[in-house]
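Before any comments, here is the structure.
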């Protein structure tokens, strides 16, 4: 900001001032950021997400990151030449694969922590095994055992509250354990939902390679900025929600019905997607809100 | 921020991100803003100052405003047709004038409080009489009694800490009382210095109609961005500091020697002067720093 | 107490001991003292009221003073030669008059603070604009706009709790603000009622030039020491409550129905009226109590 | 206070107001009252002492009572027909006698607690064995073993702070224990001194059958209201301090030299001696003060 | 533990490890130990009980001891040659006898405190008069006045919470007071029940000379380890509960119905009965549990 | 403990009671357990160590585990067929190897957490990157770059205190980061020393495949139970400390000189080595103590 002309400086000051009512509005609110997709593999996008979360933290949000491991797990599984069994056409997560997944996820986890620390914001990386954050049981697929894939049965938020209250940003990788100490892979979306619900979060954000919900999936001009739970249900019932969107929308609906304030679907390929969504009235993705909330909230 | 194009939005997000290291650096620091001059009479500048302070508060500073009453006092004295006595060529603040001054200052004080509250930031207006914040004795001018003009003898910071710790911005008008409950006018610069020293503030800002210190007062291109206490002393000794600047520089020097971190002289006629000074490396005014501090601190 | 004979000393000690059960009974209770009338213009009475409140504070009450400005406002309006408009026979509080009222009230406010501080008890003077204590809207008189006269719409008690919890006596002047930062005069009785209700006070005291309620207003021997809400309602319904007493009694009734413990109507012209009311069984004024409370409570 | 005329009521209110500066001065100060002599055997005096302490507590002191058992122990020893051994002319406290002393002291202790509770002030009776408040070793008399008579070696103030911080008045009987759990009688004056020193008390009061220090013991008009430690030392050196006064004065001197604020010698036979001493400038007994303190302190 | 062979050491380590799940299970739980019978007269058993309680405290329980005085009172009454009146065949506790009982109980109380302190655990001995822990009224026997025998009307737990929260073990002797400060003897079982109920204790233990409940009192092999409240009621209804057991069982039933977790009847003549009951699955006495609790709880 | 005879039960109770003075002694003390060697590869030993730490936690210690990864890293490096460079005969930790090390260490870390949680004790696994616990710089070997091997430059204990204060056992793997977010392997002994020093720990334990210090390494009967820092220095100076022992002893000496209370060298191959060392007077390994401490401390 240092070599700018006075005019440019003034414009910048005005941007900061414009953010004032939003900052005021979001103080002390808990936000869960499910972080996956391209934003995890592109180095610039990664920095952009981490800086956004750092800023949200500094201006008063209480953010929690939940991340996946994505392609890194597959890479390591291949490198180790692990053989794979299939059930119902689904790859089985056997003990060896789970070991690799856990190693890779924790590695990714600590990498995000270091990036956050570099911005000057304190962070701590945990998995769902720490403080038994995520207690799980085996999840079956069509009644078949597909290995160490877990379904969350209980969330112990103690460790998250401890970290948030002491000014740390928790970074969570979605590995849980059953009562016998076995590790299970948990779907990162599900983990984020479970945590958001247990923390009674104000916001849950899905940051992935999806731009949001389109009224007509084939028409990029039909992005829906905001829909109520009622509208979302009608939308899914109508059959317009395609492939990956259907389960995501159902997660959104469930989260809000269980007490989460708002759920946002954002495109992680847009730099600073988080800031743009929260510090603009219309946002850049799709927000699902409660049936009785006012649409197009303007902080001003 | 709502109807901007995606490109503009991104630029705005980048401005917020640029502020990140500064926000990080100043968290929890106490800052005293002495607020006077044109910035108190022009309505737009007034809003600009209040919004700046509100933003500083929201991103983690602990700000305290100390303000004067300026022309409003003279206006009311004239309206009431008060007669004036002079001693040593100085107007004497007799009891009646002091009463008017106190009324006007408190009125100005509560006006600033309301403006701050409108931004959503909680504020409380007090005078130096509340919680005996400013204990004073009569100040003589050349050995002559010039009436109810006070010199600060003690600062009881209890009420300031109470308000700051409970998330209020204290707005202070410079009226003190002596042990017999008489009210005295205190020079606002002196009050701000005394409070900054007692609070061991990180920053003391003089926001008035002065752009800063010029190496050559006749050459607008010679503004000094940063000078150490040692340099400031040499400068005053050299005789280059003219009229109003000499006592101001001496106040700056004294404040730093008594433990204040930095003192800034800013031009209140520049909109958002506070933000520009704190969120740029070079700033827009003159900063006086300790002899052993590194010059041109960059938060990055 | 120093040059008394041993006998006199012992009598004095007995007085202190007599107060023991009352002190015990009232510890930690919040009391709102609406302070107006002669007790604000006579210097001796003023000292007496302030010392009473100081003592109440020291022995464990949590007192809040709400005061008016009374004749001082009229005096200043006249001195400035402001012209006055009338609506429905009522003087309109235009912007200029409101400005004067606010100045005068804040001046009176800080004067009371200084007197309290002199007793060694910490005090802070605020108006209803600080911490948006009193949010108001315009009050109409018979459907007509009579200017900046406000009706309390919300009480934000945060600043009062902050001050009480940190051992300060809040002194409140009844100026509120609307969402657009305009200042409004609020009737001091109404402000005291609103604050007592919001603070769930144990006691609300009206200290003015009224001795209490008389069964027969023409017979000074018929002062009613204590009446229940039910009796007060019957009394107002009967038409016995004359001029100024009717709205006052209605305020008392409303306050108790909204959760205030007791309301006292005291004659501020009696020195130490507060102590006499609280540290005697029968008291010296009229107390309105809940329907199910025991009459003539004796602390012993 | 209920059936008094208005005039009498006003006088009473004035007495309360006179106490204001003293109450203000003593808030939060710790005071140790060594309580013995006639004030423990006369029922009216007992009530008077307890009420005084209750009032001191309610107006902000943090009082601790240390009491002896006096004649009650001798009475019980005689009733049980215990035989007594003598060493150096001193009665030996054998195990049986100590058992009786401990029983009687605890009985007296709980009696005082009940009286205090009746005033509405919470009290807890402990001995020096609770929380190992008083750790002792055997005290010899002229090199001879006189049984279970203890000398304080350590004071663990934890239990006292716990009780004071939770609003209880500790009532202490002077029984200590050695590391082998044996009980020892401790001289109550010594116990009070040790506790006052360990608690860094503001005041230590000896309430017994002594009116104070007389310049001339044979002349009742020569009571010394206040003496500095230096004066007290000169007085003891001069040989004017007779029988029981010499050790008492030496205790006073030692206590002040170890950090106690003031020591008062009061006549417990005067009703409300504590109030009279603390709420009058001259007091009724003798106060020993530090060498550099101002004599005849007036709270006003 | 120092001169043992490595093998013995390892066995000992295993014992500690075995206790792990029990310690874990009981952390932070409040337990009331009613302590009477032989365990109070035999010196070795006394040490064993005190050490057990000390250990329970150190590993995380919040224990409170309630004790009787047993034979010591009778001994002292006899020694003093007090005459006795009888009503309904019951000895009347006249004022003199009550005085003796109170002395003896307090003596016993402080003895237990010293023993506990010797283990390094902080303890404080109080009676029901301290902090008006036990408020009582006179208890009649068949409508006849039997003197100062009290029935608990109210339990003020403030002093117990204060002590527990500050890491002291409260040791309580069952003497209460009525509103007129008269002392009353309270049955120790009743006092323990009242305190356990008021503290919402997890456990209440009767440690006396009873081994537990026998299905057939004549057959020592029929000890019942655990019975539900329902079973206990059926048992008492059946007439199988003999002499002293009937009121004890009724107390157990009442305690659980009022919110106590479990009640244990233990034989105080067995060394370390408390540890054996709590750190084994079956225990050594009889536990009365709620109707819906699982029997034979194993911590593992 | 459930099916034992009464005699066996009593022996077990006695073992618990024997531990009382040790438990008392160690309450609230911070202990760092450096955990490596066979105790990390043998499943039974692993459970034994975890249970020991769980017990230490439950009885009042504040334990922190610092572990290595040992053979697991080598195993994974081989499995992935990574090529290795050598400098000065030392294997270079290149970026790829470091990635593998970090993955494996975090996997081991979370495994220990799960085992601890299974005992009912809450645990959280972190690396030196979390909360920038371990800030490092590149460590050279004989002036040569051997890759990502780090030397601790700063320890930020905030995250450890946060976890301990909230009842979690921190489990730390020795990976640090430099200011550019690069990960470095840190020698686990060094990490444990640095943490123990920064935490001012009471105890630092090296749990590895070394039995302790032998006066004569060839004579198993010459184990030294306790040596002062002075003795340890003389021993190393004498040349008696062989191979791996010399650096370990030097670490011990440095730790004590920097403020750690005691350092213990224990054989992790002995089950329950931690309990045996702490709950016996002589212990089973070697303790290095300060020069002025008493040898062979017995808690009794």
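Order as written gives the chain letters A, B, C, D, E and F; numbering starts at 1 within each chain.
Throughout what follows, a contact is a pair of C-beta atoms (placed from the backbone, for glycine too) under 8 Å apart; a residue touches a chain by one contact, two chains touch by 3 or more.
Source: prediction; values computed, not measured.
Engineer: What is the set of chains touching both subunit B and subunit F?
Structural biologist: In this structure, the chains that contact subunit F and also subunit B are A.
Engineer: Farthest chain from subunit A, going by the mean of C-alpha atoms per chain?
Structural biologist: Max centre-to-centre separation from subunit A belongs to D.
Engineer: Whole-Å distance, subunit A centre to subunit E centre, using C-alpha means?
Structural biologist: Subunit A and subunit E have C-alpha centres separated by 55 Å.
Engineer: Roughly how far is subunit A from subunit F, centre to centre by C-alpha average, rounded to an integer in Å?
Structural biologist: Once rounded, the distance between the two centres reads 36 Å.
Engineer: I'd like the Å distance between the centres of subunit E and subunit F, where a centre is the mean of that chain's Cα atoms.
Structural biologist: Result: the chain centres lie 44 Å from each other.
Engineer: If you average the CA atoms of subunit C and of subunit F, how far apart do the two points sit, in angstrom?
Structural biologist: About 68 Å separates the centre of subunit C from that of subunit F.
Engineer: Using the touch definition from the top, which residues of subunit C touch two or more other chains?
Structural biologist: Within subunit C, no residue touches at least two other chains.
Engineer: Using the definition of touching given at the top, classify the network of chains in this structure as line, ring, star, complete or other.
Structural biologist: Graph shape, chains as nodes and touching pairs as edges: a ring.
Engineer: For the complex, give me every residue of subunit D touching subunit E.
Structural biologist: 79-80, 99, 102-104, 106-107, 109-111, 113-115, 117-118, 122-127, 129-132, 158-159, 162-163, 166, 168, 175, 177, 179, 181, 183
Engineer: Quick check on the complex: what are the subunit B residues that touch subunit A?
Structural biologist: Residues of subunit B touching subunit A: 1-2, 4, 6, 9-10, 12-21, 23-25, 27, 51-52, 54-55, 58-60, 119-121, 270-272, 275-276, 279-282, 284, 298.
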